[in-house]
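Here it is: the structure, laid out below.
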Amino acid sequence: MDKNRTEAFSDGVFAVAITLLVLDVNVAGPGHGSLAHQLWTIWPSYAAYAVSFLVIGIIWVNHHTLMSRLAKIDRTLLFLNLSLLAFVTAIPFPTRLVAQYLRAGGWNANVAAAVYSGVMMGMGFAFLAIHAWAGRHYELLDESVDPVAHRAATRSFGIGATIYPVILGVAFVSAAAAMIAHFVVAGLYVFDRTGPVAPSSDSIG
Amino acid sequence: MDKNRTEAFSDGVFAVAITLLVLDVNVAGPGHGSLAHQLWTIWPSYAAYAVSFLVIGIIWVNHHTLMSRLAKIDRTLLFLNLSLLAFVTAIPFPTRLVAQYLRAGGWNANVAAAVYSGVMMGMGFAFLAIHAWAGRHYELLDESVDPVAHRAATRSFGIGATIYPVILGVAFVSAAAAMIAHFVVAGLYVFDRTGPVAPSSDSIG
Amino acid sequence: MDKNRTEAFSDGVFAVAITLLVLDVNVAGPGHGSLAHQLWTIWPSYAAYAVSFLVIGIIWVNHHTLMSRLAKIDRTLLFLNLSLLAFVTAIPFPTRLVAQYLRAGGWNANVAAAVYSGVMMGMGFAFLAIHAWAGRHYELLDESVDPVAHRAATRSFGIGATIYPVILGVAFVSAAAAMIAHFVVAGLYVFDRTGPVAPSSDSIG
Amino acid sequence: MDKNRTEAFSDGVFAVAITLLVLDVNVAGPGHGSLAHQLWTIWPSYAAYAVSFLVIGIIWVNHHTLMSRLAKIDRTLLFLNLSLLAFVTAIPFPTRLVAQYLRAGGWNANVAAAVYSGVMMGMGFAFLAIHAWAGRHYELLDESVDPVAHRAATRSFGIGATIYPVILGVAFVSAAAAMIAHFVVAGLYVFDRTGPVAPSSDSIG
C-alpha cells in the first residue's frame, strides 16, 4: 500500500471537513430582528468555528508530519488512519452542538462541551495509536527516522494527550472553560514548539 | 486515459461522500428537551454514520487495490467506475433514511433498510463489474498481475457479493438485522483477510 | 502556469459538485405518510440526480481529454476554465429546481427545465471556448497534437453543441422531454464514440 | 515541510469552498408563487454567487502563483496559510448574508455588505502577510525569484490591499456599491494585468 493515495484521501477529508464547518454559522435571517443583533447573538458559532478550524488545521499538520516519517503503510495503519478520519469528519457535529447550546448555558451547555471534548479525545487517541503502531514496526518507518527518537516522541505525545480526559472532566463543570482549554491547547501548539501536544522532535520546520 | 486522474477524481468523491455523512447527524436543537435525551434518541444516526463510514472506507481501500493492479483504463472501465461512484455518492441518502426511520420501526424501517441494502448491492456489483472487466482484458492489467489469479479473485469476490441480495431480503424481515449484517460484513473485511468480501489474493499489505 | 494544479483544482470541483447532488435527494421524513409512498413521489429527484451525475461525469471525462492535449495553460485558458467550473458548480441548483417542480408539471416545470437547459448550454459553450482557444494558440497544444485535427474536433464539437439551444427551446414545450433529451445526449456520448457531443478524434481510449 | 501537500490541501479547501456557494442559491419552492417570479426575486443570490465565485477563483490563482515562487514552507507560513484558508472557508457565510439581506435594503443590507467586506479584507491581509513573510526570508524563495522584485511586488500588493478598508467603509453607505466594488476589483484583476490587486510582476502567464 503506497502512502501517497492515503495522504491524498486524508487531505481530501481534512479539506472537506474544515470547509463544512461554515455551514453551521448561520443567522435566523430576515424577520428575526436586526442583522447586527443576530450577528452578535451567534458568537458561540464563531468561537466554535475558530476552535474547530484550528484543531483540524493542526491535526492536518501533525498528520502530515507523521506520514512524512513513514516509508510505507500496512493494513493496520490504514484502518487506524480511517479511525482518525472518522473523528475528524465527526467534528462538525459537536461544533454545531456547542454553537447551539453554549450561549444558553446550563446542563445542556455542559453536555455539548463534553461531546465536543469526547470527539477531540477520540481524535487525539487515534492519532496516538498511529504514532505508537509505527514506532513498534520499524519496517514502516522511513530509514531516516530513528526508532528510539520516534518512540520517545510517542511517549511525549501520549503524556500530552492526557490533557483530553482532563478537559472532558472540565466540560462538566464549565462548558466555556472547556472550549477555552481546547483553544489554548491548540494555540500552544501553534506558538510553542515544545508544548504538550507536539513534542519538539515531532514538529515541522 | 492515464489512471492517475481517475484515481484523483475517485479519491475526491470518496473523501467528500465520507465527510458529508456527518451533515445528517443532528439533534432538533434548543427547545426540544434536554440535549442529553436528544443525543440518546438519535442513536440510529450514529449507527448509520458508523456503518456508512466503514463501508465507504473499505470500498475506498478496495478501489485503491484494484486500481494498483491496472496498467491503464479504457473507456468502459471509466464509465463502470462512474457507476461505482454514483452508488458511493448516493450513500448519504439511504444513510439518512435509516437514521430517520430505524428507531420508529415498523414497515417504514424495513423499507429504509432495504433501500440502504439496495445501494450497497449496487455498489458491490459495480465494483465486481470493474474487477471482471479488467480480468477479461489482459492488456489493462499491470504486467505484474497474473490474469488467472485476478480472475480467481473476481470469482471469490463474486461469491462474496451474493451476500448483498441476502441482506436485502433480510431487510424486509428485520431492519436492524440488515444494518447489523452490513456492519459485520464490513467488520469481517477489516479483521479477516480471507473474509467473503475480500479474497486474500486481493488484500493489501 | 503549469497545468497540474489546474487539473487538481478542477478535479476537486468536479468531485465536490458531483457528490453534493445527493443532498437534494430527500423525503419529507417521519409523519408524512409511508416511506414507500414518499420514495415513489420523489422520482423526479432520482431522475434529476441521474442526469446531472452523468452530465458532470462526462464533462469531467471531456475536461480530462482536453487537458491531456495541452502542454501549458495561459491566463485566458485559466479564466475560461473558471467559467466552465462556475457552470459545473451551479448544476446542483437547477437539479434541485427540476426535482421540486417536474412532478407538478405546468409552466413552473417548463421554467425549471429551461433553467437546467440554460446551465447545460452555458457549460457546453464554456467548454467549446476552451477547446477553440487552445486550437488557435498552437503553442499551448502538446506537440503530439495535430492543430488541424484539433480545430476539426472543435468544429465537430461546436456543431454538437447546437443541440443545447434546441433543448432549451424544447424545455418550454415539455419539461420532461427536455430532461430526457439531456439524458439521451449524455447517453449517446457514453455509448457512441462518434456521437455529436464527442467527435471520435476527441474520445479517449 | 514540503510544499506539495500544502498546495494539495489548499486546493482542496478552495475547491470545496467554491462549490459550496451554490448551496445557498435557493428558491422557497412549490407553494410560494410562480417559479419564474421566485427566480427573479433571488437575484441577490446570483450576484453574491458570482462575486464570491470570482473572488475565490482569483485568490486561488494568486495562491498558486505565490506558491510557485517558494522553494519551501516554514512553520510560520504554514499557519499564515491556515489563516488565509480560514477566511476562504468563511466566504459562504457572508455570501449568504448578502443574498438574504441585499434586496430588502436598509441598515441590515449595509451590515451584510460590511461583514462581506470584512471577510474580503481579512483574506487580502492574510495573503499579504504570506507574501511579505516570504520576502523577508530569502531561504524560502525559489532561487529563480529575485528577492528585491518579490518585495517590490509585496509593496504593490500592499498598496492594492488598501482598497479593502475603503470598500468596507463604502458598505456602510451603500451595500450595493460595495458589492459592485468587489466585483469590479476582481474583474480588474482578470482583465488588467497591472491592476491594483495583482502587480504585473506577480501575474501568471
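Going in written order, the chains are labelled A, B, C and D, and every chain counts its residues from 1.
Please note the rule applied: a contact is a pair of C-beta atoms (placed from the backbone, for glycine too) under 8 Å apart; a residue touches a chain by one contact, two chains touch by 3 or more.
Remember, predicted model here, so these are calculated numbers, not experimental data.
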item: Between subunit C and its twin subunit D, rotation from the CA superposition, multiple of 5 degrees; value: 90
item: Copies subunit B and subunit C touch via same or different residues, half shared test; value: different
item: Whole-Å separation of chain centres (CA-atom averages), subunit B against subunit C; value: 26
item: Rounded Å distance between subunit A and subunit C, as computed from the means of their C-alpha atoms; value: 37
item: Subunit C, residues touching no fewer than two other chains; value: 8, 12, 15-16, 20, 23
item: Residue numbers on subunit D that touch subunit A, as the complex places them; value: 1-2, 5, 8-9, 11-13, 15-17, 20, 23, 74-75, 78-79, 82, 85-86, 89-93, 96-97, 100-101, 104, 107-108, 111-112, 115
item: Subunit D-touching residues of subunit A, taken from the complex the two chains share; value: 7-8, 11-12, 14-16, 18-23, 25-27, 29-30, 34-36, 39, 49-50, 53-54, 57, 60-61, 64, 68, 190, 193, 203-205
